[in-house]
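As structure tokens, here come the structures.
After this come two complexes, each holding chain A, first together with chain B and then together with chain C.
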Partner chain A sequence: MINIGKDYSRFPAGRYLDDGNSNGQKFRDEFLIPALVAGDKLRVLFDDALGYGSSFLEEAFGGLVRAGYNKKRLDLDLELVTSDESMKLEIRQYISDAQRELGSAK
Partner chain B sequence: MEDVSLSSAAWEAIKVFLTSSLVVLGWMVVSDQQEARELAKSRYTRLYAIRDELRKIENSAVEYHTTNFDLAKARSLTKSIKTISDELAYLRECGGIAFSTSQDVFDLRRSITLNNCDSESSYVAQDLDSKMIVEIEAAVASIDRQILKAAQSVATTPRTLRESISATLKRRI
Partner chain C sequence: MKKTRQWKAIRRLRRLEARSARASNAKRRLAIIESHRSRDHEELNSVAKDELVAPQKFSLKDDDQHRRLIDFLQRLRVAVGSGGPVRVDFRKTEMMYSDGTLLFFSELSRLKEMFPQVHLSCIPSKINRVNQVLQHLGIFGLFGYESAVVPSRPDVVAWRTISSAVYDSDAVGELIEKYGSLKDRSWYLFRSATEAMGNAVRHAYLEDRRDGLPEPTSKKWWMFVREAEGELTVALCDLGIGIPRSLPIKYPTELIHTALATVAGVLRASTRVGKVDANMILAAMEINRTRTGVAGRGKGLTDLRRIVDEVAGGSLVLISNRGRIIYSNGVFSKRGFERSIKGTLVHWTIPLS
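After this line comes the complex of A and B, so read on.
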């Protein structure tokens, strides 16, 4: 389980490593991917952070697809825990969009 | 003779009981109607306050994206969007609004924070008629329309007598 607000940053923001210490790329590479590699279902808790920028969400979660995780696997292995339904919708959309872009790029 | 007076006494007791019950029920219904009016007023006020907050977010977002990179402003926008999202979700949970705002909040957050909010080096000041600004305004307008409809519904839908009696009986029994 990863609690973003407690384990990573109270204010995750930015997309790439150059964008600050709490960026999406770092979160994906140092938290999400190692947890997914470890196996089992990954629960990610969102509600302890003060807010999320869409660029962070897209890079962290859409970026999982670009890093080799397909949407089907993420639908099964990634559980998004938040009271904010709009954010769940948004993250699932970024994963779908990334999968579609990957598909059309081939 | 005795049977008749017993029957009269019983009938009198029943009449008193029925009258008292009607009075108590009537009082409870009036009380429920008053509570419902207060709740509707409170929800109406809250919905209009959310409309104001949305306008502030829109103005702040347009100013941010058309002037210069400002990390504090970008963070403030992100927090404000979360607050609005939480408020709308709470209103939905307690019956203040009947519709889901998830897609609209998603569109709002994406229009404001997907681009131009990461660093000074990647920031590009937008024109007022740019795609980004138009998307922000469209996202705000969409939520605002729904909230306005909800506010009008709250203001114009009275609590019926049947609803009051039903709510009163459910609460008390």
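After this line comes the complex of A and C, so read on.
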């Protein structure tokens, strides 16, 4: 389980490594991917952070597809825990869009 | 007889003393007048180069106020860039609104950093409230003016400012967290504010600003926040190339034309540059809205309106170069101005009730 607000940053925002200390690329590479590699279903808790920039969410979660994780696996293994249902849908959309983009690029 | 002579001597002595005192007082008054004349001459000589009269209102709301403020900022840039010394006369200034004040504060801070050797001075306003704003925001300090004004008005001391040249979500988040009255709205405000900051850091300074000055060493954004009278005002400014110029750098022409056709109704050439700039702002938001899933693209500008969508009665004003869009109650309105602010200013008003 990863509690973003407690384990990573209370202020997650930004996309790339030069977008401050709480960016999406860093979260994906240092937290999400190692947890997925460990093999078990991954629960990610969102509500202890102040909020999330869309750039952070797209790079962290859409970026998982670009890093080699397909949508089917993420639908099964990635559980998003938040009171903001619209953000859950948003993240799933980023994953879908990244998968579609990857498919059209081949 | 003897007593009469003594009294006469005493009265004579007193007359002499009074005459001497009058002469001393006269000498002292003359010395004061002479020193004032000398100081005035020095001051006249020291500001002989450039004296600029600040506008009556620091505001970007209507054509006249917008033009006067932008013309003043242009003259300020020229004067400081030419080496100064420069004196700004605030005696006619009566009102300082958040949008115009943030733009002025950003420009002045930037000029001070770029030209630290240029001597700046100012004459304060006749309005105490204005002087409280100038003091509280540190503007008097930037002019090297030591004011005795102690900011005390609640609507003045409520202003907080931050600025940075990097992406700093911690600074923005910590500032937003101070406003407990936001409650769950802070979730959406954080998203909107950090995306505006991201746009400033990533896209604002892609090319030369074309303001006649050399490239600054640091490429900053500035932010104001204030809670007063039941609403939160948040504004963020960069002094970059503006959305109308950065959009063609980021996206292909066909994509921009498609977006322009969508937002402008019918794609037609406009001789009003301001209207073109306003349409480009809307086109940027449209592109961001429709290309959410493309690798390397975020919702960026679309996120700016998220807090307004979530809070009834809120508004977003986005001014970039000559264009301005206002978003409120789910509706966009746009207009163009004669002058360019040469940058981007994003301004939210969020009801707290």
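By our rule, the second predicted complex is superposed on the first by the 106 of 106 C-alpha atoms of A that agree within 3 Å, B and C clash if a C-alpha of one lies under 4 Å from a C-alpha of the other, contacts with A are read in each partner's own complex, and residues count from 1 in each chain.
In this section, contacts are C-beta pairs under 8 Å (C-beta built on N, C-alpha and C of every residue); 3 or more make two chains touch, one makes a residue touch a chain.
Every value quoted in this text rests on a predicted model; they were computed, and no experiment measured them.
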Which superposed partner A:A98 touches (first chain B, second chain C, both, neither): second
Which of chain B and chain C A:F11 touches, first, second, both or neither: both
Touching partner for A:R66 - first (chain B), second (chain C), both, neither: second
First (chain B), second (chain C), both or neither touched by A:S54: both
Partner chain in contact with A:G20 - chain B first, chain C second, else both or neither: both
Chain B versus chain C as contact partner of A:L89, first or second or both or neither: first
Contact residues of chain A, present in both the chain B and the chain C interface: 11, 13-15, 18-20, 23, 50-55, 58, 84, 93
Chain B residues touching chain A - in the complex, by the definition given at the top: 74-75, 78-79, 81-82, 85-86, 89, 100-106, 109-110, 112-115, 117-119, 121-122
List of chain C residues in touch with chain A within their complex: 166-170, 172-174, 176-177, 186-191, 194-195, 197-198, 201-202, 292-295, 297-300, 302-303
Parts of chain A lying in touch with chain B, wherever the complex brings them together: 11, 13-16, 18-20, 23, 50-55, 58, 83-90, 93
For the chain A and chain C complex, residues of the former touching the latter: 9-15, 18-23, 50-55, 58-59, 62, 66, 84, 93-94, 96-98, 100-101
